[in-house]
Amino acid sequence: MSDFAPAGDPVIPDYGQASDCVINNGAFCTDWFLSQWSTVFWPPLVSHIVMVAIAVSIGFVIAFGAGLLAYRKKWLAGPIGMAATFLYTLPPLALFQLLVPFTGLSLLTVEIALVCFTLIIIFQAVLVGLSGVPDDVRRAATGMGLDRNQLLFKVELPLALPSIISGLRIATVLTVSIATIAAFVVDDGLGSPIIKAVSSPFNTQFVGAGALAVLLAFALDGLLVLLGRVLTPWTKARS
Amino acid sequence: MTQHSTGTSITFDRATKTYPGAAVPALDALDLEVEAGELVCLVGPSGGGKTTALQLVNRLVDLTSGDIRIGDRSITDQSAIALRRTIGYAIQQSGLFPHYTVADNIATVPVVLGWDKARIRTRTAELLELVGLSPVETWLPRYPAQLSGGQQQRVGIARALAADPPVMLMDEPFGALDPITRVAVQDEFLAIHRAVGKTTLFVTHDIDEAIKMADRIAILKPGGKLAQFDTPANVLSDPADDFVAEFLGAERGLKRLALTTVGEIVTAGTTGAKAATTDGARPSTTGWPDVEATMTLREALSVVSAARADGAIVHSDGSRLGEVSLHDLIAPPAAGEDREGVRA
Amino acid sequence: MAILGQGHLNRRQALTGLGRGLLGLGALGAAGASLSGCTSSQQSDLTGPKKKGRRPITVGSKGFAESWITGELYAQGLRNLGYTVDLKTNVGSSDIINTALLSGQIDLYPEYTGVMLVTFMGEDKLMDSAQQTFDLAQTWAEDNQVTMLRATPFENKNAVAVRKDFADKHDLQTMSDLKGIGAFTYSTYPDNVTGAQGYEGIVDTYDLKNMKLKTLSIGLNYQAIERGEIDAADVFTTDPQLLRSDLVVLDDDKKLFGFQNVVPLIRDDAFAELDDDASEFLDTLQSLLTLDAIQAMNEASAINRLDPANVAEMFLDENGLM
C-alpha cells in the first residue's frame, strides 16, 4: 500500500526569473553563463583538466617506456607500433563500450580509453625523436666515452625533445577533445554539460562548454609550446 | 694530467677486423707504430679500412684478432668507456652536440670525468684561445647552429683536447669544409699539434691534406692491407708499388713540390743569383714575379708560370731574400728531406 | 521560439538521443557479465550489523531533467544523512537503467509505476487507479528482489490540454466532453500517432471522430496552441509550461493514459544496508513531491536553466530536509 496524498504542502523555493535571453534560448546568454559558472562550467572544466592530465601522464609514461624499448630493441618497434595503432583506430565510443563490462561506468574506463589514444602518438614521437639524432653526434658522444645512459640522457633524449613535445601537444589536444565523449560513461568533464544541453537544446550551455573545451585545448597546447621553448633553447638559436 | 702531456705511442699489432658476414677483412693484420707526438695520416680508397683502423683504437669497433697498444697498455686492458675518455676524438661535421653551448660541448668529457667547475671553466677558456676563438666570452654561450663550419670544427678540436688526452683520433675532421676554410683550419691544427704534441691518427681521403699534415702517411689498399708507411717525401718520391703510385696520381711530382717552401731553398743557397755569379753570366731577373718565402714550391711555380717568367724574387716580411729560378723550383735538391727536423 | 523543446525534456521514456544508446548497451553488457555471478548469492554476505556508509550507495537517473532532479533529491538527501552516495545521472532509458539496477551497477533510482507495468511486465490492461498500478508494480518488485518505497503524489503522464477560452466555450472538463463539440485540431509529435496511447488510441477510446490530427515536432505544441493554430495538444502533466500557459488539462476519465507516480526503486540488498533514517527521508521527500512542486522544479531546470543539483538542493533546503 502507498499513500498518494501529500504529507503536507511542500515549500516551493523561489527559483528566480530567467532573462529573456535564457527563455528565448539565445545563442549565448552571458548573464546565465556567468551566474552558472561555478555550478555548470567550473567543476566540469576542472574534472576535464584532471582527466586529460591523468590520461596524458599515464600515456606518456607507457609510450615513453615503449619508445625507449623499441629504440633499443628495434625488432619490437613493429609489433608495439601495430598494437598502439590498433588501439588508436578504435572509435572512442566503441572502446568505451568494450570496456564498460569490465571496468564499469567509471573514471577507470575513461582513462583506459583515453590512454589508448595517446599511446601511438607519443610512442612514435619518442621513436622518431630518438631515431632522428644525427649519427655523427651519436658517434662523437660514444667515441668520447659516454656510456649508454649518459648517451641517452645527455644526448639522445634532449635531441629527441622537440619531437616528443610535438607528440605531447598532439596527444593533449586530441585527449581534450576525446575526453568530452567521456560524459557517456561518467558525469565528468566538459562533455557532461554539452550532452545535457544537446538533449534539451540550450545553446548557452553547449556553446559555453564547447568553447571552454576549445580554449582548454589552446591553453594546454600553448603551455606545452612554452615548455618546449624552455627545454630546447638551442632550437631557437640561429646565427 | 698536465696541460701539455706528451703523447704516447700507438701500436697496431697484426690488428685485424672482419665484419660479420663479410668475406674479406676490412683491416688485415695491420702492423703500424705511431710514435709519441707523431701525426700519422691514414689514407686510401674507400674500402681500405682506414676508418675501421681508427675506430678500432677507441673500440667503437672491436678487434677480430691482433692487438692495439697505447703506450705499453693494450686497449682491452680497461673498459671501452674508460679507454675512450683518455682519447681525443674529432669527426667530420664536428659531431658537436646541437643542444649544448660551445662551453658545454667542450666540457663534455671533463664533466663525465668529474672535474670541478672552476677547472672546467679555466680549461674551456684556454682551449678556445688555443683554437683561435677569442674573446672566449663571445663564443662560450653560443650553440653550434650559430657557428660557421670552420668555427664548429675548431670547437670540435677543442672538445677533443678537453681532457688533455695523450692520443687524438681524427676521422676526416675537415672533410666537410670549403677549400679556403679548410686550409685555414689545417694550418691552425698543425700549429696546435706542434704546440701540444699529441700523438695523432688522422684519417683523410684527401692525399693533399695527408701530404700537408702528416709526419708519416700510412696508405691502405682494398682488403685492408698496408701498402706503404713512410714520410710524405719518401712516399711521393718512392711509391712502394703500382697501387700507391696510382693512388698518388699523375701529379705526384707536383705534390712533392708542395712539401718544400720557397724560403727553404732560398736559404739553402741555391738561388738564381748565386748561380749567376759562379757562371759569370747573370741572367736577367726582369719581369720575375714576387713570391713569399712561406709559399710552397708548387704555389711559387704556379705564380711563375702565370707570369711566363723564368724565376721569381723571394720576399719575407717585406725584405728581399733572393731569387729562385724555374729550374730551382722544379728540381729542388732534397726537397722536404729534412722535414723530420722541422717537426716540433 | 520560447519554450521550444521543453516538452520533450520531460518525456518519461528517455528519447535516447546521442550516445545514451551506446552507454545503455554498455550497461547491458555489464549486466550480462555480472548477472552470471547471480544476485541472490550476494545477499548472504550482506547480513552484518548495519553501519552507515558501510558501502557507497549508487543513485541513478534517466536521461531527462525530471529524473535528474529526482536523482539529485535522493542523492543529496542521503548524503546529508551521512551516507556515501555516488550519483550516476543520465544512465539511459527505462530498460537500460533497470538492467543497471538489477545487475548492481546502481542501487537506487526513481521510476514511474506505469512504466514498470508496460515496460518491465508487458502489462497492457488499463488500470483503474494509482493504487492498483502501484500494487501490480509491487509484485514485479518483489519478484526481482527490489524494494519499492512510497509513491509521489504527482504523476507525469500524457494528457490532452486545451486553451481556457476553448474549455469555457465548450464546457470541457474531461476528455469525454470533447465528443460532439464539432471538428477541432489536436497535435502531437509524429511518433505518437499510432499506438494505444497515441492519437489513434484516443480517437478509438473516446470515439472522437471530430478530432483532426496535426503532427508537430516535439516541443512546438505549446507555441502552436497558445497562438491558436491548434485547439488541443498532447502534453505531459509535469510540463512546466502548464504553469505559465493559460491551458486546462482535461481529465482522462477513461484512464487511457494509466497512472505514473514516481517510486524509488532500490535493490533489496542495498536497502538492507540502509538505516531507518534513509527510508524515513525518502518517504518524507516523496510525500512532498506534489504536481506543483515538480512543475516548479522542472521549470527551474527547463526554463531558468538552473542546474538540477541546484534545483534539488534549494528544494531540500526549503523543506527542512537538509
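Every chain is named by a letter (A, B and C) in the order it is written, and numbering of its residues begins at 1.
By our rule, contacts are C-beta pairs under 8 Å (C-beta built on N, C-alpha and C of every residue); 3 or more make two chains touch, one makes a residue touch a chain.
Being a predicted model, the structure only gives us computed values, none of them experimental.
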| item | value |
| --- | --- |
| Common touching chains of subunit C and subunit B | A |
| Chain separated most widely from subunit A, comparing mean CA positions | B |
| Chain occupying the most central position, where position means C-alpha average | A |
| Which of A-C and A-B has more C-beta pairs touching across its chains | A-C |
| Chain centre separation (subunit B, subunit C; CA means) in Å | 93 |
| Intercentroid distance (Cα basis), subunit C paired with subunit A, Å | 36 |
| Mean-CA-position distance for subunit B and subunit A (Å) | 57 |
| Residues on subunit B engaged by subunit A in the complex (per definition of touch) | 55, 58, 60, 81-87, 89, 91-100, 108-109, 112, 142-143, 145-148, 156, 159-160, 169 |
| Contact set on subunit A toward subunit B in their complex | 134, 136-137, 139-147, 150, 154-155, 158-159, 161, 232-234, 237-239 |
| Subunit A-facing residues of subunit C, complex | 1-6, 8-9, 15, 17-20, 22-23, 25-27, 29-30, 32-33, 63-65, 68, 87-91, 105, 130-131, 134-135, 150-151, 153, 261, 263, 284, 287-290, 292-293, 296-297, 299-300, 302-307, 309-311, 314-315, 317-319 |
| Subunit C partner contacts - residues on subunit A that touch it in the complex | 1-13, 15-18, 22-25, 32, 36, 39-40, 93, 96-97, 100-102, 104-105, 181, 184-187, 195-196, 198-202, 204-205 |
